[in-house]
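Each of the next two complexes has chain A plus one other chain: chain B in the first, chain C in the second.
Then we have the complex of A and B:
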């Protein structure tokens, strides 16, 4: 246990020391560029309610977009994996969805849906959907051909072949996609907030909070926002990693035995 | 004369426009036969099993398996070259997988699974996952899974080819022990002459281009057969004889 906890703790302490050293090395007139952790914490404490609501808002948007992307990606990959013809007909357009520049989609979204949570969720969805649909489809198509023969010999119905063979075979791929999406979703929610969010009714997310802090040159608050965004991303990835471990560690080679 | 377990009449199998993989093959397997099929690569050994199982259709000719066209009997089981286990299921789950596909009642599944696990002596590994098993144990799980189908005809496609000689010898003996308790007929594809002689009642030597039967050798050693058999002169003479016939059909310039 100690051997697992100690290395990251030591790294953290070293990074903190480097930070303080860098701060001290800067000329006094430039020190505002890299505030000390204490200044950042006190700035965060001073705005705790505002930052907490912004974090909750962004977390909601990220979770909403992530859930939507997961659901749509699963349905879509089942469809894509069902036949070569469907794949040929749909795949280019799935690719296209990923190529659409968010910065151009943003004004259109505002016109269609209006600025606010639904638009931010759509931006998050667009950013995190692609890696999942690609991985899921790949996984569903990657069942061991020998096992496919076994199921054919066993006269499995197409339904049995899907649920008892293709879906379990796709699980490691599914979690790879899910992990990438878990990294992308909070970034998508921040970017979305920045581009299609709204400040009306105190509904600002972390993207807008950062923008405001930046225009007011409130550097410690800006850093505080960045750390909260990192923490949010970390929670997403940690949750997905835990789910992945629970589903795969007993049988998949990506997890060591014992 | 009991009705044959499997019968092939003038069966030809070709893929596309290429020369046939099997050409005009006729063969009858009677109840209790243990038929080994041996021959150089490309002689259609595995294709023969795939035809019998219905995994692939014949290009021409008649095949009858347990009174049905191939693929239409549920008294046939197949043991693949690889263990072909589902890595996300433990030993229990893998052994009963084929029974689950047939939607048998739960108690029936449990009974057959336990019997099969006992036959291959893996009851103590019931909750292990495939990656925790040795190569020999994986193959025994694969065999147990086939036996749960209570087959009349067992098709084995080089099942022990990837194992070391010791393990292979042990599994050969186990396979015969199981066979003595049950009464299935077997087709057994192998590259090992010693294995073929030890297990079989009949050995078929196939030649390639196109695949055809060039010799049939009867193996009359009495059952039960044990490790002792491997040290008898009669056994060693027969291994030498089969090896000689096998060499005769190998491509002339083949390098070992």
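Then we have the complex of A and C:
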């Protein structure tokens, strides 16, 4: 246990020392560039309610976009894996969806959907959808050919082949895509907030909070926002990793090495 | 690990490289936006060679949505920058070494822009509306508090696309340039609600790195004198030198656009001052107006009470004697 906890703790302490050293090395007039952790914490404490509500708002958007992306990606990849013809017809357009720059989508979204949570969820969806679709589809097509033959010899229905063979063997791919999407979703929600979010009755997300802190040169608050965004991303990834472990550790090789 | 000394020396070299500054008369000016007529005075003086005549080596660095003017001036990457007085003042409270030394516009020309046939005529009627604006704009919480209203804010995306498409849209506009793009986009000229009519009266300013200003007071005085001469000449005489130079730096500067913007600046007396009858106010800053702004920001809890004094944020010492 000590061997697992000690190394990251030591790295953390060293990083903190390097931080303080760098802060001290800056001339006094330039120390605003890298505020001390104490100043960041006190800035965070001073505006705790505002930051908490912004974090909750962004978490909601990230979760909404992530859920939507997961649902759509699963259905879409089942469709794409069903036949070569469907893949050929649809795949280029899935790619297209990923290629459209969010910064250009933003004014269109404001026109069609209006600024606010639904638009932020759509941006999050657009950013995190693609890696999942690609991974799921690849997974569904990557079942062991020998096992596919075995299923055919046993006269399994296509339905049985899908549920008993293709879906289980796609699971590791699915979780890889899910993990990438879990990193992207909070980033998407932040970007979306920045581009198509709103503030009404104090309901702003972390993107808008960061924008205000940046233009007002509230640098400790800006760092605090960054750390909260990191924490949010970490929660997403940790949750997906735990789900992945629960689903795979009993049978998949990747959990049996070492 | 054996690369560590190499890495450290590279890093050290980088720092030395950054802090090197050859010409003591070099002044880098960070603009808030791409070169446009709101920088007319600077470009006229540069194009006519007046900075060089005064022994100054001036470089004007174009900005944009991410110009980060205050940060660049505070880190001395630029010695002077064009910015709005409110956020520059707030930056001083965050420990950034900045000093506001001259006015660009006597009234910061950010206004609320509405379609010509929008029934709204005063600030109270903004209650419950949607407004696209920069979320950091202190005028917005000021409006909410002063008129006891609330509205939904959409972050400003520096475009008039949504405004042109939606007849009910209300947005922040830099009212020198935006009306031109809107009428070009086919809509009628918009109407405005001016922040100063609500009693929120900020400046557009030139802010200097305060350490640099203290070390080079004569240099800064010379610069400001030439800058003021540039504005006067740009507004009263032929603007062609500035316009040619700006056109070469920003190909979206058509003659029609620049003439429109310059006329807006003249008609609205943005540089000379709304109550002025001559050009003697160009560049002038009024400490009393700063005190009002500080009081307003304290009242809105954007600035802690007693955190700043007027002398910390601005100085009239570098302006020419009246």
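We take it that the second predicted complex is superposed on the first by the 256 of 258 C-alpha atoms of A that agree within 3 Å, B and C clash if a C-alpha of one lies under 4 Å from a C-alpha of the other, contacts with A are read in each partner's own complex, and residues count from 1 in each chain.
We adopt the following convention: a contact is a pair of C-beta atoms (placed from the backbone, for glycine too) under 8 Å apart; a residue touches a chain by one contact, two chains touch by 3 or more.
Being a predicted model, the structure only gives us computed values, none of them experimental.
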- Item | Dominant contact partner of chain A by residue count, chain C or chain B | C
- Looking at the overlay, does A:50 come into contact with chain B only (first), chain C only (second), both, or neither? neither
- In the superposed arrangement, does A:171 touch chain B (first), chain C (second), both or neither? first
- Task: Report the residues of chain A in contact with chain C in the complex, numbered from low to high.
- Result: 29-33, 106-107, 110-111, 115-116, 194-201, 204, 207-208, 211-212, 214-220
- Message: Under the stated contact criterion, what part of chain C meets chain A in this complex?
- Response: 68, 70-71, 74-75, 87, 90-91, 94-97, 130, 132, 134-136, 150-155, 157, 159, 161-162, 165-166, 211, 302
- Task: Quick one: which bits of chain A touch chain B in the complex? Just the residue numbers, please.
- Result: 144, 146-147, 149-156, 160, 164-165, 168, 171, 250-253, 257
- Counting only contacts in the complex, chain B reaches chain A at residues 53, 55, 74, 78, 80, 82, 84, 86-89, 97-98, 100-102, 129-132
